[in-house]
């Protein structure tokens, strides 16, 4: 399959007043054409920074790519100039953000915002743009597209705005769409609309999607592959089935079981992860999850675990996967028991 | 108004009491204060602001003649302050922390720190006189309000402070806007920095600036008191100061009233402009 | 029903005046009981009036219409005295752990403020109780002298809980206490809340929009839409016998963190958007998005009826089950 | 007119005797570019151009250019024929008969007749008009007072009875139009300076038809709303900015007027004036003391004329401590006026040696000040002695003598006041509090007797010492210090009734010494001089104390 | 969790070879460590201390503060210790450039002499006294009135607010300079009058600001929490509102002071300032303007003082605003 994006050992830091924030600390991932890669992890773990670095959207400074390479459709992004980036953005890769309320320019008509990308990259005329805007709005199932195109964002509801954002991102048929928490700010019924729409779009246009979220339900619905991030690193990576049913990292399993589902028994205590995520100003020497991990071992405190391959396309970074780990023979099943 | 010490009809000569009475009667000042006030209000409602006690012209005429000049001056300086202030603010915000920022903010700081009467006197001397003597070309006129070249220096002197205010405000607001998500969206679309700034950032950043336009109009009106004197411009500000100094209280009250009304009007205009820029503000306040 | 009624809401409405002559109906004619020791979950989309309802119950907003009863006695929360007495019994935990703590106060002061107001204990005892409470919510003593901004979101939320517990209330309104927190922290708070309830016999009104959590924590669930109460029943009952079309849609829309189940799920996605609560139209509030709506729905607003034992629904289309 | 707040700073006369100055043609600056127009600065807007009502210097300056009375003044302020071709004076100096020239025309085309004068004077004397300078008519003209008293109500509101009274009073008035071109004017008392007086604005004519058709409210408020008969016409008037006068070709003496247009600018700011002058935007400006130094250093010629106004300390003689003549004199003699003129004014103003300025005409074609006895002047030792004695007499000490000194609020006036204040402190050890006031407020305080000492100035209404002296009589409304001396009153009375000019001057000089030195109710400080400079464009312009600017008498534009 | 003392540990610093054999001892289980988990990243430090530190770290703020302190100290003491008094004249020695030696006393005129031969140095510092006194007095009055008025209006809201704000609107509808000028002609010249005249209009800005702050604080959840706990208005105002708006007030005051200094100068310019022989920067500047073509230093000195003071207050205000900005915290 054609590989659209390849990120290798990416390190991104922010220089701030209080010191250097190690937001991304060695992330490697790849996206193939037409697939959905979900990146999950909690707030502040570096999901957005990773995504924005792919498009070089973070302001530099304070952001800084310390190390690593990003290859998008064969182009080296790290070395690309701002001019080159401008032609890549919107055309090859586009992005939708979490909060549809703040992501649209409040003083520009929706139709115009929708077609800005086309105007910039495809040099369409005003009339063509108008037509295109209506087409796009219809594509994302917004009724009365003709009138809606002339309205301002504040006249749209949250769900409509997010749909308009998706239309905007897709207007130039990009190879890759990065959706950074596209439904977090929305209600469940509206979220369902958006998820349905994204699924449809993937089927119809074949656009690859990087879906960033911390809602595992959304991941289960849409993702082909999943990367679990914690404190600036990908701690586990595999197909959706691998992650949901054969996860190897204690964080992944804790995450999956920490929140109740419809079937969770009310009398049963939730699996909770004690403590708080580490401070990225001074990331720990060893495994970032060590201090909160039930299975924490001496080595975890001292050294960061490398990536261990578990199955085809399934890797995880936990010392318990090391061949010399005393109980490694039955790791995947045992880890589940140990969690319980 | 009657608190003002002194008597409007006092010249240097002693006027026989009889004459004084006659004059009081002529201008209705012999009636009880309350009646005077009611009469005044009634007259004001009819657009009659009374007669100047100093030069006996109708206050309405005085305002009608002097205010257009002040307005012209004010508009010029506001436009100047607005354009230059915005540009400075944008430059500063876009080059945040770099030399451009420092330079722009330095200009702004000088603007808020140097009183207009000093700026006015200095530019009149250096840009008006010295430049003329050095080049022999009358680039700027020194005084009056006739040719275009006489309107630049006063407008600049008057604009300087407001320009500084605007540029500082614009910088803050621009920085705020530039950190908004929709700017990121625009960037993600592949727009260039210039396109982002002009198509997306500026219009949004202007809005907080527009809201201070009302107070700025007031500042420009009062700033004109000084500037019009320095540049010998026949505007209302100069007139007002004279009237204050000579206790001409029909003109004082008339002009004050007019200034008040004008400011109300200016604020209304600002609101309308705001509504034009920000589609979220519905002027009618009607249905949603 | 042998359970003791702690708080009774009778025809509570709350209107806000927005703009010129516009009325925003945030809560519309809600009648329900909250029983002692239970957790009443309130769910609904954003802006449907959950927080407003919570605040009305707390006495922060005065209802436009309706009566609040505490232990079956009406309380007039406009009267300072009633309010003061009531505030000793009812407390609130807010969604935003950043905005809900005064940035200029130390954690110790924040927690002891309520006790000071209600003149509970002497200064020394209060101090001790602050330490006690901090430990109860999983923080330690030294934290009493620190300022809120030094804490992480989860820790702050726990400070908020400690503050609410300080005056030993019977009843706590939890206004989305977890939705601003990290995923891995949320369960800490939920466990803590549950634990405290068991230990102290608290009554919760738990507001959230995450239905899984509401189901997990609540004994009964109220579904709200556009200021109206649409359905109210035991939580298992609501899941097993969902009656209102909106509740159905809501439950179906919740994604399940399980790819296989998710793949099998066939849901009918609701079309359209939530209408504005400003000057709402008559009729069933859900009519505009309801697939079953007819003319009756659009003109006549349905009443909340008990269609099954302890299961209340406001829908014209649901028949009362008789058995 | 009174010395206004606008001219407090300037003043200087090269010689005491020469009061008027003609512009010299050498200047470093070429001046404005318009070949037909000179531009001069007049600092302030003329508030009132209706001759009946006018009361201030600025208006009088313009009026002298656009209006012609019976008499005009020449370069040396001597009366010359204007509308009156010739005249006769009775032996008792009470009756004057004027014969008007017949070809004179108003700017609306009507002929100027004797009736126009009588109409104007009656307007001035009409009480209901409230003309400030009405008194200069009705107190002088025979039976004027009776007419004034009869005209209490406005003409439109007069009852039949009142109308009859007015008509009767009018009949008795001392001013009569014998025919269209002959006026017979009779005064109450001998009036040796009557011809000078005829050049004063209140004695100028008024075109009744124009006045009534425009209406009293609007008359003379704009360029188009005034009808004039003088050497120039008002062609443009932007209020508070400029006035442009244009030569009146119909004027009898038009051939003598060589300048076609004069533009008067109204610039308040001294720096702006200087800048504009140097940049060639104005041809003549008045100067401040420091500007004189600056221009002199640059080699630019500076000229000056005696303004004819005096400045003095006005004491409130009713105030405890100041009721003692010795204290009053001490306060005056403590001031080093030579230093004041040289170092503070810096404009060669004349240290006052009496109350009456040096440019006022006296008997026998000499100046009044020529040969008058010098009054006591700066003498610190004497001042200290006087103060000690005076305080003892008044039962006060230096500490208990609490004085405030009122001055105008212009920065120049405040600077001068600060000088006096410091002199009192250093020479006498007296602390005096300063109180700057706006001009009008200052006048009000003076009229109400709300002051201790005021820095006051007086500018003459007519060219005679009387204008400076009759104000200190007991009943005079301008006697703000409430000075009261039987001797003084009788001296002034005698002078008023005296037809012999030499005797009259003698009475006046005695009175002057009495009020300004012996009793020291006022202490004269200096006679103001107006320093100015011109570009090389103008020559032959007249500037004098009684004619701020005069372009009608031989002034020319130098061709470049 | 690691503490600040440790530098970031890059993956290269390997003690164990992941590919090779690792000793079983390394896999010894230690479990979670509660103390470490709940560790708090930030040091314990109060809001004010934090803001103060921030200010201290900014060179601009430090320089401005030093300048202002020098000005204040100079204004208090220099007039006492100067060789010349503010009114002492040597008219024969007027308009002399800086550092001239007096012809009578042989004292040095550091800033030269003015038109009456007075020492500009001492007059400038005495002027600083007046200008700064006016500035601080007015600022304090504005503050008190504005905070109380705005606080009451914002706190009670509704009809009270409506009426009170209409009043403010009317007062601020007329440019304040007009009101100040009119009041100055009514009242006697002097420090007190200037202070009163400016105070009568000056508080409206502060009142508006405070009202706005109170209104937005009222919606804040921590205040609602306090109300829900039964806190009485007095407690809410004293313990919650005031501390939370104090920083905004301080910032506003520093930004207001330049305005007041300017007003004083403007009044002097119109001759409505304080009476001679006292000096103020406005009077000095006004006198200086009259002769600046001949003796530029007479304008430069007061202008420089005015500008530096305005600049310092403005810059300090800006810095304080940053230091107090809640958005920059967290």
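So that you can tell them apart, the chains are marked A, B, C, D and E in the order they are listed, and the count of residues begins at 1 in each.
To be clear about the criterion, contacts are C-beta pairs under 8 Å (C-beta built on N, C-alpha and C of every residue); 3 or more make two chains touch, one makes a residue touch a chain.
Chain identities (UniProt): A = ABC transporter ATP-binding protein; B, E = ABC transporter permease; C = ATP-binding cassette domain-containing protein.
Bear in mind the structure is a predicted one, so any value in this text is a computation, not a measurement.
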Which pair wins on C-beta contacts, B-E or B-D? B-D
Per-chain Cα mean versus the mean over all protein Cα atoms: which chain has them closest together? B
Calculate how many whole Å lie between the centre of chain B (ABC transporter permease) and the centre of chain D, each centre taken as the average of the chain's C-alpha atoms. 39
As a quick test, compute the distance in whole Å between the mean CA positions of chain A and chain E (ABC transporter permease). 46
Chain A and chain B (ABC transporter permease) have mean C-alpha positions lying a whole-number Å distance apart equal to 53
If you average the CA atoms of chain C and of chain E (ABC transporter permease), how far apart do the two points sit, in angstrom? 45
Considering chain E (ABC transporter permease) alone, which of its residues make contact with at least two other chains? 38, 41, 185, 271, 286, 289, 292-293
Of all residues in chain A, the ones touching two or more other chains: 274, 276, 292
Would you please write down the residue numbers of chain C that are in contact with two or more other chains? 152, 155
Mind pulling up the chain C residues that touch chain E (ABC transporter permease) in the complex? 55, 58-60, 83-84, 87-88, 90-92, 94-96, 98-106, 113-114, 117-118, 138-140, 143, 145-147, 149-152, 155, 160, 163, 167
Residue positions on chain A within touch of chain B (ABC transporter permease) in the complex are 52, 55, 57, 82, 85-91, 94-95, 97, 99, 102-108, 116-117, 120-121, 152, 154, 165, 168-169
Touching residues on chain B (ABC transporter permease), where the partner in the complex is chain D: 5-16, 18-20, 22-23, 26, 51, 54-58, 61-62, 65-66, 121, 124-125, 128-129, 132-133, 138, 141-145, 229-234, 238-239, 242, 244-247
Seen from chain E (ABC transporter permease), its contact residues with chain D in the complex are 87-89, 91-92, 94-95, 115-117, 185, 188-189, 271-272, 275-277, 283, 286-287, 289-295
Residue ranges of chain B (ABC transporter permease) in contact with chain E (ABC transporter permease) within the complex: 3-5, 109-110, 112-115, 117-118, 121-122, 125, 218-219, 221-222, 225-226, 240-241, 244-245, 247, 252, 256, 259-260, 263-264
